[in-house]
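What follows is a pair of complexes built around subunit A, which joins subunit B in one and subunit C in the other.
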Partner chain A sequence: MKNKLLRYLIRRFFLYLIIFLISLTAFFFFLNLVPGDPVTRYVQELEARYGLATPVSEEIIKEYKEAFGLDKNLFARYTSYLKRLVLNFDFGPSFVAFPTPAFQLILDAFPWSIGLLGVAVIVSWTLGILLGTILGWKRESKGASFALVLGLILSQVPTYLLALILVMVFSFVLGIFPMGGAYSPLIEKGFNLRYIIDLLYHAFLPAMSLILVYTFGTMISQRALVINILGEDYIKLAEAKGLKSNRLISRYILRNTLLPQTTGLALSLGFIVNGFFLIEWIFNYPGIGRLFMTAIRQMDYNVLMGITVNTMFWVLTANFIIELLYPLIDPRIRR
Partner chain B sequence: MRIFKSSPKFTVGVIIISILIVIALLEPTINNHRLGGHSSTEIGLYETSLPPSKEHPFGTDAYGRDVFSLILTGLKYSLLIGFIAGGLATLIAVVLATTAGYKGGWLDAFITTVSNAILIIPSWPILAIIVLFVRKVDLFFLSLILAFFSWAGSSRQIKPQIASLKERPYVELARVTAFSDIEIMFKEILPNFLPYIFVGFSYAVTGTMMAETALRLVGLGPADIPSLGQILNWALYAGALAQGHYFLVLTPIVILILLFVSINLINVGLDEVYNPRLKQITGV
Partner chain C sequence: MKILRAILVFSLILSFLSLSIPVMAQEYPVPREQAVVIETDTNYTVFDKANPFAPRGSQWGSGWHQVANEWDWYINYATGETIYWRITGWKYSKDHKSLYWYIRKGVTWNDGHPYTAEDVAFTINTLIKNKDLIGAGNVENVASAEVVDPYTALIKFKQPEYRFHQNLRMWGGITIVAKHIWEGKDLKDFSNWPPVETGPYKFYKYYKELNMFVWERDDNYWAKKVFNKFPGPKYVIFRMAPPPDIDLADFVKGGVDAPLPHIFTWDMIKAAQRQTKNVVLAPYMDAVSQGICSYNCAKYPTSNRDFRWAIQYLLDRDKLARTYNMAEKSYPTMWPWPAWKSLHKWEFPEIKAKYGEEMTYNPKKAEEILDKLGFKKGADGKRRTPKGEPLSLVLLTRPAPDVGYFHAKHLSDELAKIGIEGIIKSVDPGMFGELVNTGNYDISFDVLDVAVAFPNDIYFFFLSFNSKWAKPIGEYQTAGDRGRSRLKSKLLDTVTEKMATLDPESPTYMSLAKTGLDIWYKELPSVPLIEKMFVQTFSNKYWDGWPAEGDMYQVPYQWWPSFIFVLFNLKPSK
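On to the complex of A and B.
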């Protein structure tokens, strides 16, 4: 029934909006209830760091507070923040790169992160499901138990620690991969083969630190799912009636594991992004994560706020898109 | 103790984590003996950047500290924060999951929505900003906010079990004999579900330790609590990689990985034993 599908989609959409609004509000109020305002804090940080003897004049602080709208009360600040955010994605200016808008900095960094993260997540998820299915199907073989042990270890390594190991081994000890950055400093940018190869060369280690961990993570969960399904009566029936194993795997097994695996992916996206911030920092990769770490060091309030709200928004949106795919995967939702 | 026999994974996990816990417990004695009463974080106690030797098995770092002692201290604090924060997170998870699973209705819907929100949104940047802006971060505050962002994961492990326990005959019986809800929750349901609470706890310990290590690795949080992440941060900032002091970077990483892997082995082992369906199929 079309009606039911529509109801499902609308309900999901509202839930998505509510979760975003709750997270945003909780985050905003928490940050604003911490004593001290960002401008004063930033000035204090500068004074402490550079040992400035003459204190910054109160007037200048006051002027900046007005420019950032910090002189209003908490509720007025909240409504104006929401209004600016919804109407024109305005997160306020960056403190350090004043008067560049924080959103501009985020937009510049965004393609790098989404490119690397997107490819790594899709590759590891697909590869993990394939490997896990083979592992569950041929669980008696010697190779399978070796892969299982390897998976049990690798899937538990935090991506940022693996990144440290990889950069240590391949960049510092062996020297076969670059220590960081997204491209060589003197290369001619543009759509040419040398630049593309250079990009891939620089992205390889950061991508591998994510791919290795999540491929094996997905493999382990897929193996468990496959083994569970193999015990079902309908599989025994299908085998008994002489169904070819190719068809059994694609129609009966993969199809039934797709839903839990999609849910698993949706739920772990936030966690993957958490680790990705550090991977970018370790490899000095010019995406959102590195921008965030720079902003942390400089106490650049608007950029920090902007990045957090943006990552929240995009991860939630990715989740919502995945939920839109559910009716395709699971016909029960359609009916 | 039948579980040790039936699951080698569980046994290996328990052995590794026990060794690490014993080492952490012995840390004060060992370091007192090795450093003669000095703190392992005291700067300039020895010559800087010594290679591994009999006296300093892992050498010394760029600040003149004995790396072996430093790492022992780091292990102690990493475990301490993991266990305190993990314990707090499990407590929150148990209370909320029991309430949600047992009461149902709008309360269940609300708790589930909040816990999903915490699970879905990338919480680490938020955690980093909180630690950055709250000036005085001590062990307890750090554990508390780590717990706040990781209870949802362990609640996800616990809640389905509560929902199934609720339907068991002895709970029905208790309800008919007019026990109060609180009494049923704590007297009938909780004791039967300690294994699941334990699984929730170990998820929370891993989660909080990972988040804590990540925070300290980038130099956030209380520098006077030298956990393994903090030690890694010191090593990276002193240029340990460029100078070839790989020991200093690799050892904390290996210990952390051992912690995470052993806890996961325990979880997998418990799942194999307490999930009879899986056991029947795999034949372990």
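On to the complex of A and C.
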């Protein structure tokens, strides 16, 4: 049994590595095959914005192309990128904030995104499972039917649309939440209660844009799973034995829905990250999403690659960890 | 259930907390009534740097270019007036091999140090010595810069020079730096932070995560004593614009005083007017007119000038002006520059009489020309080239709602009516530049060349169409807007070269300008269609005195360095 489990883990790990390398390579070539280069674009922008009467000197263009490896051919760029990444964990200099390393910008933005996204995913997943279980359990009540309709509607609303609605209602009509930003400029940054409350207060609307949509999505799938399980013989037997509802739900129903729900979470992580990028832009939230938007506008290869590699790493790692957890959740996999 | 209850309680606490803090939709670190809030479309990534010589040496839209840094002289494009700001004037020697630059007494940097000829000479000599700095291209013809006395700089040229003064005007390309600050520094790395400049505002604070820069009025600002000019607002806040719908709601609430002028459509502006009386409208023409920004003159059939004229007859300027969506109205135009007062002198009546009538919508005439050129219709109603090949044109544009897209669509529809396929290729701005610069298109739609507007000198306009910029198709042209059409006209080149050696004030200059313009219209490498109107909106909830329709005392665009002249005019709203 131990050998089987070990084989399972090794197989999953190699698969994880292969998917990571293929995704990285695909994105590198996709990005680098887009016609044009950031240096030429930037020089044009410079000339247009600053009204330079004379074109920027060839020396500047040459120097920048060298700094970003744009003077080499595509394959040489790819191998040197891989080498740099694997040996030194170096993503190269950023273009939007040259000469700051791209990784530094990502590191600065990362905690904001993880804080917001982590909380939103955990809350929406937990809440969705709880609500879905209740809806499934009390499926014939009027309240459950109403909640189902509401959930069906809300789960299909794009997060960015919900974000706009929340801003309009809570910031402009009711005036109780700020329209964006991560904290108030009136409060000094630091590890103190006032600042922490302010951070939570500013994160509330962006988090709710994600939580509302994903909670209802999880709720609907959980309801369907619960209803399915309720028809099983072992549930009827447990009921006939006179088991209390609480015990029945926690031991027999919830446990059996956890595996598909965990898989569902793993699969939906990519979509959640996608939606999150737009949310950060709408709320002017200083995370990875906003940085990604900036990097796209200026074709900052290194920042784009850095964010994508990091996102791929985290999504794939989360999937990998979830797969590692399967044997714990479902003993059948261990056998 | 316990978890649910806990979440509910947490939400309630948060709501009460939020109610106890009186918030505006957007929070600011300084009293709102003392600050003017200006928007930019840039996500800030460069902090602690105000270095004009290095790429990424400063942050565009942070306010440094707008309210801290100044230029020696300005043109008020709204009135046509020349503003001698940090200088009292200039004088070229008779042979135009040197230029005397007269500095105004009393101008100081914000650290109290006087602004002198030393600063001018230091900057120019620095650029001469360091060819890899931004601005070095502007001093290629300069031999040296010397200090005659503290208030007179002497700039010596290698070859006679007639337009060097343009380099020190707003958007001129050479930013003068303080010698006492910059001397002995690594010019590419020196941060100059907090910036030592001569402008009316000093750096106060930035908020990286909030995309916000705050500038504080310099109480010792030199122009207060010299010109009695002093800005009304104590603070200027620059922030990144949120998405348009949120921005509009914030504007209505008074969260922003000067939003981006191209962020709201005309319908959105009308919606704002319905919700608040605090909307001030300042519709103004962009520095460029909009139309066919370039025909690809290196590619058949747009290489044929009669063909280019035939296409021109298919464009209905009146219709395009009526359907413009960024202002209440726009205007059809035949001029490749905006209808600014400063530029009226280039609109020669003879040229207007000769070409004004011709630049109209006349599909019949277009068909006549095409027939004459051999682009005849086949039995299927489709036109073919004289060699019998199918005729189709690639119309390059940016995606809607860019104005160019609607113009391309209009031409595509008109082309279809006369049997030509117009393939609209709408691509993102970066790709657009790439395709234009490599000559991979037939007709491109965008703003026309900006060269004439800022220097107010038509020579620069002709220079943009000089044959020396025209590279073969596929080869990248890196001369900015120049050479986009890849036109090769010996006649226009000759006129431009002659103009280069003439004083723009000399009598023969205007005559040559007229000849050049005549050649340009004959060649027609671009087609002006409409004035590109933007409605700059202002909120007068906190500040009054904005330029407005009927009182356009200054160009209203808030990202221009000339916006300091607007700030001088602002007073708190009553």
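To be clear about the criterion, the second predicted complex is superposed on the first by the 320 of 335 C-alpha atoms of A that agree within 3 Å, B and C clash if a C-alpha of one lies under 4 Å from a C-alpha of the other, contacts with A are read in each partner's own complex, and residues count from 1 in each chain.
Just so we're on the same page, a residue touches a chain if its C-beta (ideal position, glycine included) is under 8 Å from a C-beta of that chain, and two chains touch if they have at least 3 such contacts.
Values in this document were obtained by computation on a predicted structure and should not be read as measured data.
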Combined model on subunit A where subunit B meets subunit C, clash or fit: clash
Counting only touches as set out at the top, which of subunit B and subunit C does A:Ala207 meet: first, second, both, neither? neither
One more residue to check, A:Asn284. First (subunit B), second (subunit C), both or neither? second
In the overlay, answer first, second, both or neither for which of subunit B and subunit C A:Ala182 touches. second
Counting only touches as set out at the top, which of subunit B and subunit C does A:Glu63 meet: first, second, both, neither? second
Considering only touches as defined above, state whether A:Phe27 meets subunit B (first), subunit C (second), both or neither. first
If you stack the two complexes on chain A, which partner ends up touching A:Met293: first (subunit B), second (subunit C), both, or neither? both
Does the superposition put A:Leu230 against subunit B (first), subunit C (second), both, or neither? first
Once the structures are superposed on A, label A:Leu161 by its partner contacts, choosing first (subunit B), second (subunit C), both or neither. first
Please work out whether A:Tyr42 is in contact with subunit B alone, subunit C alone, both, or neither, and reply first, second, both or neither. second
Considering only the stretches 55-63, 199-207 or 271-279 of subunit B, report the one that runs into subunit C. 55-63
Can you list the residues of subunit A that touch subunit B in one structure and subunit C in the other? 34, 36, 41, 164, 167-168, 172, 281, 293, 299
In the complex, go through subunit A and note every residue touching subunit C. 34-36, 40-44, 46-57, 59-61, 63-64, 94-99, 105, 108, 112, 123, 126-127, 130, 164, 167-168, 171-172, 175-186, 197, 200-201, 204, 281-282, 284, 286, 290, 293-294, 297, 299
Per the contact definition, I'd like the list of subunit C residues that touch subunit A in the complex. 3-4, 7, 14-15, 17-19, 21, 23-29, 43, 45-46, 55-56, 60, 65, 131-138, 140, 166-167, 170-173, 207-212, 240, 242-243, 245-246, 249-250, 252-253, 255, 430-431, 433-435, 437, 450, 454-455, 460, 476, 478-482
Using the touch definition up top, name the residues of subunit B that touch subunit A in the complex. 9, 113-114, 116-117, 119-126, 128-130, 132-134, 206, 210-211, 213-214, 217-218, 220, 232, 241-242, 244, 246, 249-250, 253, 256-257, 260-261, 263-265, 268, 277-278, 280-282
Tell me, which parts of subunit A touch subunit B in their complex? 15, 18-19, 22-23, 27, 30-31, 34, 36, 41, 139, 152-153, 155-158, 160-161, 164-165, 167-168, 172-173, 224, 227-228, 230-231, 266-267, 269-271, 273-275, 277-278, 281, 292-293, 296, 299, 304-305, 307-308, 311-312, 315-316, 319
